[in-house]
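In what follows, structures are represented as structure tokens.
Here come two complexes built around chain A, the first alongside chain B, the second alongside chain C.
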Partner chain A sequence: MFLHYIDLSIRSIKSTPVISVLMVFAIAIGIGLTMTSLSVFHMMSMDPIPHKSQAIHFPQLNIMDEGGEWHTDDNIPYQLTYQDAINLYNADADFPRSPSFRSGFSVHLNTPDVKPTMEPARLVYQEFFSIFERPFIFGAPWSKEEQQSKPYVVVISESINNRLFNGQNSVGKSIYLDNKSYRIVGVVEDWDHHIKYYDLNNGAFNSPEKLYVPFSIAPLEEIGTWGNTNGWKHETLNGYQSLLQSELVWVQFWVQLNTAAEKEAFSALIMAYMEDQQSKGRFNRDNLQYALRNVTQWLKYNQVVSEDNRILVGLSFMFLLVCVANILGLLLAKFLKRAPEVGVRRALGASKKHIFAQHIVEVSVIGLAGGILGIVIAQLGLWGVRTTNRYYEALATMDVSLLLAAPTIALMASFIAGLYPAWLVCRTQPAIYLKSQ
Partner chain B sequence: MLTMHNVGKIYQTDSVQTHALRDFSLTVNEGEFIAVTGPSGSGKTTFLNIAGLLEPFTSGQYTLDGIDIGGLSDNQRADIRNQKIGYIFQGFNLIPDLNIYENVEVPLRYRGVPAKERKVRILECLEQVGLASRARHLPQQLSGGQQQRVAIARALAGKPRFLLADEPTGNLDTLMARQVMELLEEINQNGATIVMVTHDPELARRAPRNIQVVDGELADLTFYQGKPATPASAPEKSAHESVVGG
Partner chain C sequence: MLEIKPIFNALRRSKVGAILLFLQIALTTAVVSNAAFMINDHLSYLKEDTGFVQQEIFSFGLMTFGKDIDLHQQAERDEDMIRRIPGVIDAVFIQAVPLTGGGSSTSSHLRPPPEESKSLSLAYYYADEHTLDTFGVTLLEGRNFRPEEVVIGSDFDGHGPNTVIVSQAYAQEMFEGESALGKTIYVSSRPLEIIGVVETMKSPWPRGDRSSRTSIIPFINVQNFHRVMVRTEASERDSVMKVIEDKMLSQYDQRVIINIEGLEESKNSYDATDVLMMRMLMVLVVILVLVTALGILGLTQFNISKRTKQIGTRRALGARKSDIIRYFLVENAMICTVGLVIGSFAAFFLGRVLMNAYSINALEMQFVIGTAVGICVMSLLAVIVPAMRAANFSPSIATRSI
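Then we have the complex of A and B:
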């Protein structure tokens, strides 16, 4: 019977093409806009590393003296000072961890053939690659020994390797970052992330870095950050070394803590460190305060998905509701015009259930067609977002779950729109129409 | 087969009450062919609609094939319509988007008859009304008489025991009307009980039994014993006596 209803639906759509096309377009536009905003929202709010987001943590220390105020909810600075990052990295503990900050270099091969390009780089320790599971195409991360004593090494991204070395294994070759030669130790896949969750300072949806150099290069080459640097008290800086010893916060820090026990142990380590620092004249406050958030908590804390995004999704669903209301009106007109035929069907033995099912299937066919067309419109919408705002490039895509959600939402919307007209038409009293037909 | 006892039907609006049927009592036996006549607005179609379970009645008792219709739900009435009753309408009431084959198929689909059996039955019925070769035509491609024959085939497809015809020849010329009437007589001879509403006295005379409805009441009842006769020659009986006497 279901296939028969589909057949009847297609005939009905063909017999009333204008009204049917109007309904399909109404639902398609509603779905298109809803899916565009929902796709961006979905990408923004999805867990960037689901299997590990509960294990990777970001520590924050309240370095301010008593009475100091920061603009965060818990009054703790977002980033760490260089000295705290280094001290936490060097602390005696087995947890994989790495300080990190974004910078950039002019990249070239010191030959006239290849033009230098300015490329963003990330300064990290070797553990960064394992914490964030960066897959290597060639080579491997630099060793502990290299990052301490021979730090002029680099891991390049696949796209740089393709551009400079035609995709060949470039491990062992040298490239120039600014005026220094660095030996390539590895080539990693380009990082195709939607949210740059490991560094929200330059924008949560910014593009990933294409080079990785040891964190230990920073003091040697006096490399400045391309991110935010903030302070809580007046400090006069005399050169790069004073920046490293200052109370300015500009370094991110990630640590992998797989269990609650490990988290507890690292918390104790932080507390011990703060007490030690306090004894040396820092952290002049009554209560030492720190935070240790996993990736999910970190994204929420940083309000990666803003209230505006939520409102936009809400508005798009309201627009879909307007479309549903329009479809409801069109369906009422269409179905009630068919009441005489329904009267005949009822006389021939169709129950109310049969008539209701027939009309709901017809509405669903319209909804499905609208949903599929809606995906096309959503793709156009997302293309529009990508081309007008490069910042949202990684976000303005539709993943499989949303591709499946689009027709599902369309079906639900059309079902809601069709519920009342189908109910009304199934209550047709056959006798009224049989004589007058 | 069909027994109505003091059945009444009142149409109610905010200010007006219309008695379409009053104390209507009638028994129709298995295999009968009854013609129902009466002036326009007398209640013939209301009687037929109630008999065909197309609308509920206001008072009285109605049993069809031993089933008390008064207590049935809408779905149960739909089931009985589908299983036991066939309809032939004055306006044919074929579904314009469906071809002849599919029109005849409609009641069988609602009955859940398997596709193979449906096909056999449909072709059989179309053969019976002489339209098997037009199975793939749309209703609007047929003449009025042919459309009515399709409607008869549709009514027969479910093998109903009870056939209701509301002015089945009302929209047909004399020749076609005669053909349709002959078809109904043939169907009756094959065992189906037929109740036919008509304005045409000549057609009514061909039915073995006539009843007349005036102002919603059974006014006159005439037997022709299967051969043409004038109303005056029929035995005089009161409506109620006739019902009881059959």
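Then we have the complex of A and C:
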């Protein structure tokens, strides 16, 4: 019966080509637009590291004296001071953790045939690689001992290794960062992320760094951050050392806490640290305040999904609603025209249920066609997004879940649009139409 | 004369078509007026004058890793070299490039802090007396810096500059209409005398309501990473951009030149999100209007074809063609009016919701009115064709089957 209904609906679609094409287009355009904005939204709000997003945490300390104000929702600075980051790292505890910030170096081999290039770099401790599960192609992270006493080591990314060493195992060789030589200890895969969740300072969709050097290089080479530096009180800085001692915040910090108990233990550690600092004259406030957010909470706190995008998703769903209303009108016109035919079928013994099913199947066929065409339109739309804004290159794509969602939403939309017309037409009284024949 | 009562009664007997039409008109009004308002908001920002001669300016980053030179002396030599390249008008070492999204701002005060006084945030460019010429901004009052007023060093508070040039927008806001020339502002604890006021000069963040409060401070503190802006004859810019890297490296090669980019390119990438939003909204509006127009056309056709017999009967009883057309026009206008009124309320409601949730201005009346008029005209146009066709039904055909 179902196949027969499909056959019937294809005949019916063929017999009214204009109105059917219009309906398919209405659904397709509605779905296309909705899917375009939904795809970007979906990619933006996707969990970047699903199996660990609950475990990796970002601690924040409220370093300001009583009455200080910050522009965050909870009034706590986004980043840490250098001294707090170092102290939290050196504190006596087993949780894998690492301070980190973005900077950059000119990279060369100190030979005339390779022109120096500028590459962004991340300064981290060795735990960073295991926290964020960076896969190594050659070598391994530097050791604790190396980052303490012989910190002139570097982990380079695949693309730099390909450019400078033709993809060969370069572990043990040296490259120059600025005017110092660093020994390569590992080659790590390029980090291909949609959201730069581990550092939102330069924008959530900024490109990943291609070099990693030990955090302990920072004071030795006086390396400044490429991200934001913010302060809450007036301080006269005189050189790099005073920056390290200052109350300026510019360092990020990540810690892996697998269980609630570990989280509690680390919270206690922070609290004890703040009390200790308070006794040394910092944190002049009535209530010591800190925050410990996991990756999911961190992205939400930093409002990674942009306003514009939320508005677009909302507007495009309203647009879909208009399309549904349109289709409803067109279906009404189409189905009611067929009332005489339905009257005859009813007179010959078809039940209301059959008539209803037949028309719903027809609507679904239209919806499915619209959904598939909608995917094509959405791809066009996403291509438009990518060409307009290279920032969105990795974001403006459709993954499998959305590819499946498109026809589903199309089917639902057409089903909603078809319910009333199908119900109306199945109530046709056979007598009226038989009479006028 | 307009037969509103009978039309209304007839509508009550066939509600569905009317309700659908009404819904569509209301929704479209609400969505289109808000979208149009946002498009206008984005457009007016994109069209705003930045004050810079964008097509004549390009910038690049300079990362020096060699330690065997004095950065300031090298900067002097580089500036001289660049200014001598044919086609170059002027060049300047600067800590932040306008319109790129990266720069510095600080708070400025009327009295030295910690004294309480009026304070305003102020974006600043650290650069020398060549800045005005390189930017191409218009000096309204006062004068440019003298070379001896430019301070080279790293200790802003202790041995910083004493003068500043501010934008007109900042001057007006800070001094509320009084002339700013000769007045003193305090940046951190340093008093700076305003010696010049320029017309429009946008900050590194042209989006936002503080983007016009800018200043040039004659302070040079060349870092390992510094930025350089070059102004050329518009026709020469591309060729200068091509040779600049080699020229710079031939002066001194322990450094890297990055991001050689025309100023309007920088602004375009800063604006990309805005442009994207605007394009998507435009596509939405255009398609929405088209779909609604089609929908109205389809629904009217449906409403009319259902009433072929009724029309035939009326014609047979003596109604003229114009009566039939008028009937449908009035009917459509009635539905349309209700749709537009409800739609306008919905538009304001939607605007309010958006305003509360996001940083969007309040929806302005004229966008709702404009949208309503547009949709009204569109729906009348959509009804005229089917109505004319209906009026041409021959009464004999229309009534034959009774």
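Observations on the structure shown:
To be clear about the criterion, the second predicted complex is superposed on the first by the 426 of 437 C-alpha atoms of A that agree within 3 Å, B and C clash if a C-alpha of one lies under 4 Å from a C-alpha of the other, contacts with A are read in each partner's own complex, and residues count from 1 in each chain.
Just so we're on the same page, a residue touches a chain if its C-beta (ideal position, glycine included) is under 8 Å from a C-beta of that chain, and two chains touch if they have at least 3 such contacts.
Quick caveat, the model's predicted, so the values are computed rather than measured.
Look at A:Ala272: by the touch rule set out above, it reaches neither chain B nor chain C. Of the two partner chains placed around the shared chain by superposition, chain C is the only one that A:Met118 touches, whereas chain B remains out of contact. In the superposed model, A:Ile29 makes contact with chain C only, not with chain B.
In the superposed model, A:Glu307 lies in contact with chain C only, and not with chain B.
By the touch criterion defined above, A:Thr388 lies against chain C but remains apart from chain B after alignment on the C-alpha atoms of chain A. In the overlay built on the shared chain, the residue A:Leu348 is in contact with chain B alone; chain C does not reach it. Once the two structures are overlaid, the count of chain A residues touched is higher for C than for its counterpart among chain B and chain C.
Once the two complexes are laid over each other on the shared chain, residue contacts for A:Leu328 go to chain C alone; chain B is not touched. Touched by chain B in one complex and by chain C in the other are residues 436 of chain A. Taken together, the chain C residues at the contact with chain A in this complex read 16-17, 20-21, 23-24, 27-28, 30-31, 34-35, 38, 61, 63, 65-67, 113, 155, 157, 188-189, 224-225, 254-256, 258, 269, 272-273, 275-277, 279-281, 283-284, 287-288, 291-292, 294-295, 298-299, 301-302, 305-306, 354, 357-360, 401. Of all residues in chain B, those touching chain A in their complex are 45, 49, 52, 54-55, 74-75, 78-79, 81-83, 87, 89-91, 93, 95, 97-98, 106-107, 109-112, 154, 158, 166. Residues 19, 22, 26, 29-30, 33, 36-37, 104-106, 116-118, 178-179, 234, 236, 238, 306-308, 310-312, 315-316, 318-319, 321-323, 325-326, 328-330, 332-333, 336-337, 381, 384-385, 388-392, 420, 424, 436 of chain A touch chain C in their complex. Against chain B, in their complex, chain A makes its touches with residues 1, 4, 8, 11-12, 15, 340-341, 344-354, 429-431, 434-437.
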